[in-house]
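Chain IDs A, B, C, D, E, F, G and H follow the sequence of writing; residue 1 opens each chain.
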Amino acid sequence: MELTVYLAGEIHSNWRQELKEKAEVLGIPLNFVGPMENHDRSDFIGEEILGEQPNAIYRDETASKINNFRTQILMRKSDVVIALFGEKYKQWNTAMDASAAVALDKPLIVIRPENLHHPLKELSNKANVTVETVDQAVKVLAYIFDEK
Amino acid sequence: MELTVYLAGEIHSNWRQELKEKAEVLGIPLNFVGPMENHDRSDFIGEEILGEQPNAIYRDETASKINNFRTQILMRKSDVVIALFGEKYKQWNTAMDASAAVALDKPLIVIRPENLHHPLKELSNKANVTVETVDQAVKVLAYIFDEK
Amino acid sequence: MELTVYLAGEIHSNWRQELKEKAEVLGIPLNFVGPMENHDRSDFIGEEILGEQPNAIYRDETASKINNFRTQILMRKSDVVIALFGEKYKQWNTAMDASAAVALDKPLIVIRPENLHHPLKELSNKANVTVETVDQAVKVLAYIFDEK
Amino acid sequence: MELTVYLAGEIHSNWRQELKEKAEVLGIPLNFVGPMENHDRSDFIGEEILGEQPNAIYRDETASKINNFRTQILMRKSDVVIALFGEKYKQWNTAMDASAAVALDKPLIVIRPENLHHPLKELSNKANVTVETVDQAVKVLAYIFDEK
Amino acid sequence: MELTVYLAGEIHSNWRQELKEKAEVLGIPLNFVGPMENHDRSDFIGEEILGEQPNAIYRDETASKINNFRTQILMRKSDVVIALFGEKYKQWNTAMDASAAVALDKPLIVIRPENLHHPLKELSNKANVTVETVDQAVKVLAYIFDEK
Amino acid sequence: MELTVYLAGEIHSNWRQELKEKAEVLGIPLNFVGPMENHDRSDFIGEEILGEQPNAIYRDETASKINNFRTQILMRKSDVVIALFGEKYKQWNTAMDASAAVALDKPLIVIRPENLHHPLKELSNKANVTVETVDQAVKVLAYIFDEK
Amino acid sequence: MELTVYLAGEIHSNWRQELKEKAEVLGIPLNFVGPMENHDRSDFIGEEILGEQPNAIYRDETASKINNFRTQILMRKSDVVIALFGEKYKQWNTAMDASAAVALDKPLIVIRPENLHHPLKELSNKANVTVETVDQAVKVLAYIFDEK
Amino acid sequence: MELTVYLAGEIHSNWRQELKEKAEVLGIPLNFVGPMENHDRSDFIGEEILGEQPNAIYRDETASKINNFRTQILMRKSDVVIALFGEKYKQWNTAMDASAAVALDKPLIVIRPENLHHPLKELSNKANVTVETVDQAVKVLAYIFDEK
């Protein structure tokens, strides 16, 4: 049995790479999917495909359509969602993806630094598990397959 | 036909009062529900009912359980959700409520200042309508009942 | 027991008025809801609330957001959907509303002139009942309440 | 991960072939399904299997039953739906398929010439992405699999 | 709290009247809905509204469309479904309604004479309760409201 | 793409074998599942596994539990359901399976001799397609995969 | 806005009465429903309506059918479920009702003495809120309606 | 066709091993999944991954989060659920898993010693089949695949 894991959250650090490597070391049978990690491409994908837009708001609107299209497809294919919140940025689309996962009955792990516990308290309560490090998230994934 | 509207979002300003008054002036047949607006009570409701907790994280956990319980009941009773994002704060629970509304097929209006268009672009795309002011949100609600 | 009926379809003729009057004559306990019937207001509602848009496509986009918001709320409140197709116009949003009704398990009556039977054949097959006149649709509604 | 794409819409042009070839050139791992593209067979499939019908309306009814049966099976198997609207024809079954895709939570791309923006505005708003060419649709599909 | 009960099943005897009267004697707060009980009207409702059909099969087809339309609306409004099977007739639409009730998560009581236990065994197993008389069915309904 | 077909209906004739052979001749990529076809074993499976029961009704009850368990699993795995009604027997579990298929959004073909059109009219109307012979049902299945 | 609360759990103590009285003192607009509280009647309701059964297991089977029928109806009508676990008894039907509430997206409060925390840990984690006393449960209910 | 079976219930005996071996002897094409069977690890998995907790209740809370995460994933992957109740222990999480299976429309077999029939009567009634031994459960599984 292989599971597919959607990795929602910030695209400014290499946490996805770290998580994939640690999962591989442990031999956990997982596939990973997630958002476009090239930040500029993610922001300009609307204009890249549909041409120049009248202003910044419409550039954002066309980009978000295509990013949400990608996320909807890949999240539907996933068995588990992991959402990582970092120290910086608004990260409202991460919160949106995490909440959608819960509503779709997809098990959810939240990764956040301890000092974000207060603003994330309602989302943590909806998640199955909240951890502080990528390492802990990998251990939770490994536990699915452990027999002893 | 009366509709019930859940008002998600910041509890530090009086936008709910403003919205209710403007809806009343227009005679729109609406009921309003929403989160506990007393910030301190919302943060300490866990300890208020369940007693002192071992530390700040567990205080947050018990409070969020009861706040999420309230939100789940009231959102299920609602026909429309309005989520307001202000300039300050993380507001991840607002994003969480807005995303849950979409997943539950509840029509959603997002209110946000124009300068937040970039971090909210994916959520705006999932909302039915995004506006900048409470006044505009009320006009959208009024349109449901207009015949001409 | 009162039923709510959503009247989807063209807004250039007075078929809704005719249907309501015939239902009233028969004393059928029905409430009626439907789209904005003022065509100009329906087309310009986006700019009316959100201000001037960069071009005709974006004017349409903002209007359609608010029209779809209205339709989603009212269709969720409905027990039955009636979709009328006339001789003119593309009427793709009528087909869209009719198909959404089927997918939401809302019973659907299609009203169309006989000569449209070919282009509407797949939609007619998904509808519960296809009739040719408003009068026939009212008789189908009356039958719900008849006991003999 | 391979995705299955349902290609709804007109069967009088070779747009499906064009789309499949462009997807193959880009090496996107996609399977394609869709309606019967032989127009005559699609119209007469009811009589082909069930024998002669009393009149044209019943010929249409039997054909539409079998065409809807095929569409229901194949759309359930699909991860994405693309609906193309051309300049001609009523295309109400295309609108019906597109709307069913949205209601089933299947991500939807609409392809339409720019000059159809007005009659398709509500459907475009429900779609994830609206484009004007097959080429643009293929780029949206490719973006699902891009990592950079 | 009032409950609505859909009474599916044969329309050749007066079991619905008997059941309603016994419920009224016990003062149980119930509303009753059900199919058209005038057998001829039920069989000819298609031609009554849509005009003469080419043959008996098409007469049945148009009648069944309107009868199913009625049943779908009334069953959606119901909290409980009771399906009575008599000694005579095929009663496949009764079995169809009973099975639809189970699939829609509507609690189901089956009434059947003891000697039909074998052909109804799979349906009885899906029902919540199987009884032999109208009197027993009324007692099951009364039990919902009993406190002691 | 392979499809799984559940074959509901009478187990006293060899129609399943005929259907499988005709599908194989046409090279249609189908898997077939269905109920236990050994009539005696189907009736006594409860006592075979759980031991002797107090009377015929309880023998039926234990058998139906295990038969419904099998059907629920196999129908969930199916893409299409075919329900055959013969001249004899009550066949209420066939009607039950057919109705459950419709409620679960599984495409349904009904096979019945022409003279049963009246008692099956409501179920035929809910089915996607009604045919009279196994041969016609196979042609409908073949059409799913035809491209021209 | 009035809410309906299903009170699952032991029927050997008067906790329901205590909870109702405390809610009334606080003026919370609640209706309460729940299982048959007369233990003997609950155990013998099958034989009361359907007559003597062959043995104790079948007596239990007929009683549980009617008790589950009642619970399914009343829980579907409820906005909130409260499940109380006491010191004694297996209480597996209480755990069953609580789990069904979660699966049906009904908000759930668990009441249990502190010393049962270990065997109830997985259920507590699925509940919205776990408390130790009826008094605390009433305070959680009151908080839904508090504005300050 | 291979089926996946989730084995819920006590982890103090070797019933899972017995069931797997008997299924293998019969050559039934089944995969088995289930909870962590190492009792100590199951109780301490929260602290193992997230570090020491303030007290026993919070140790249970963190463990149950991770155990429920595992169960949610594996039960979603399963076609059948088997829940075994033994003579000892509260086993409320077994009842919770069994009830969740029913609510998710997963076919359910309950295994319990005869003398537990009374406290399990409501859950047995919701299960598809209740048996007394592992051997009987294996025979029910084998019957899914039997053709004669």
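The working rule: a residue touches a chain if its C-beta (ideal position, glycine included) is under 8 Å from a C-beta of that chain, and two chains touch if they have at least 3 such contacts.
The structure displayed is predicted, hence computed values, not measured ones.
Trainee: Please find the path from chain D to chain F through touching chains that uses the fewest steps, and give that number.
Mentor: 1
Trainee: Expressed in ° and rounded to a multiple of 5, what is the rotation angle of the C-alpha superposition of chain B on chain G?
Mentor: In degrees, rounded to 5: 90.
Trainee: So the centre of each chain is just the mean of its C-alpha atoms; given that, what is the distance between chain B and chain E in Å?
Mentor: The computed centroid separation for chain B versus chain E comes out at 43 Å.
Trainee: Just how far, in Å, is the C-alpha centre of chain G from the one of chain F?
Mentor: 40
Trainee: I'd like to verify one number: the distance from the centre of chain C to the centre of chain F, where each centre is the average of its C-alpha atoms, in whole angstrom.
Mentor: Taking the mean C-alpha position of each chain, the two centres sit 38 Å apart.
Trainee: In chain C, which residues are in touch with two or more of the other chains?
Mentor: 65, 68
Trainee: Report the complete set of touching chain pairs.
Mentor: A-B, A-C, A-D, A-H, B-C, B-G, B-H, C-D, C-E, D-E, D-F, E-F, E-G, F-G, F-H, G-H
Trainee: Which residues of chain F touch chain D in their complex?
Mentor: So the residues of chain F in touch with chain D come to 1, 3, 79-80, 105, 107, 109, 128-129, 131, 136, 139-140, 143-144, 146-148.
Trainee: For a test of understanding, state which residues of chain E touch chain C in their complex under the given definition.
Mentor: Contact set of chain E toward chain C: 4, 31, 33, 36-38, 41, 45, 48-50, 65-66, 68-70, 72-74, 76-77.
Trainee: Considering the complex alone, what residue numbers of chain G touch chain F?
Mentor: Per the stated touch rule, the residues are 54-55, 58.
Trainee: Touching chain H in the complex: which residues of chain G?
Mentor: Counting only chain G, the residues touching chain H are 56-57, 60-61, 63-65, 67-68, 71, 85, 89-93, 95-100, 102-104, 114, 116-126.
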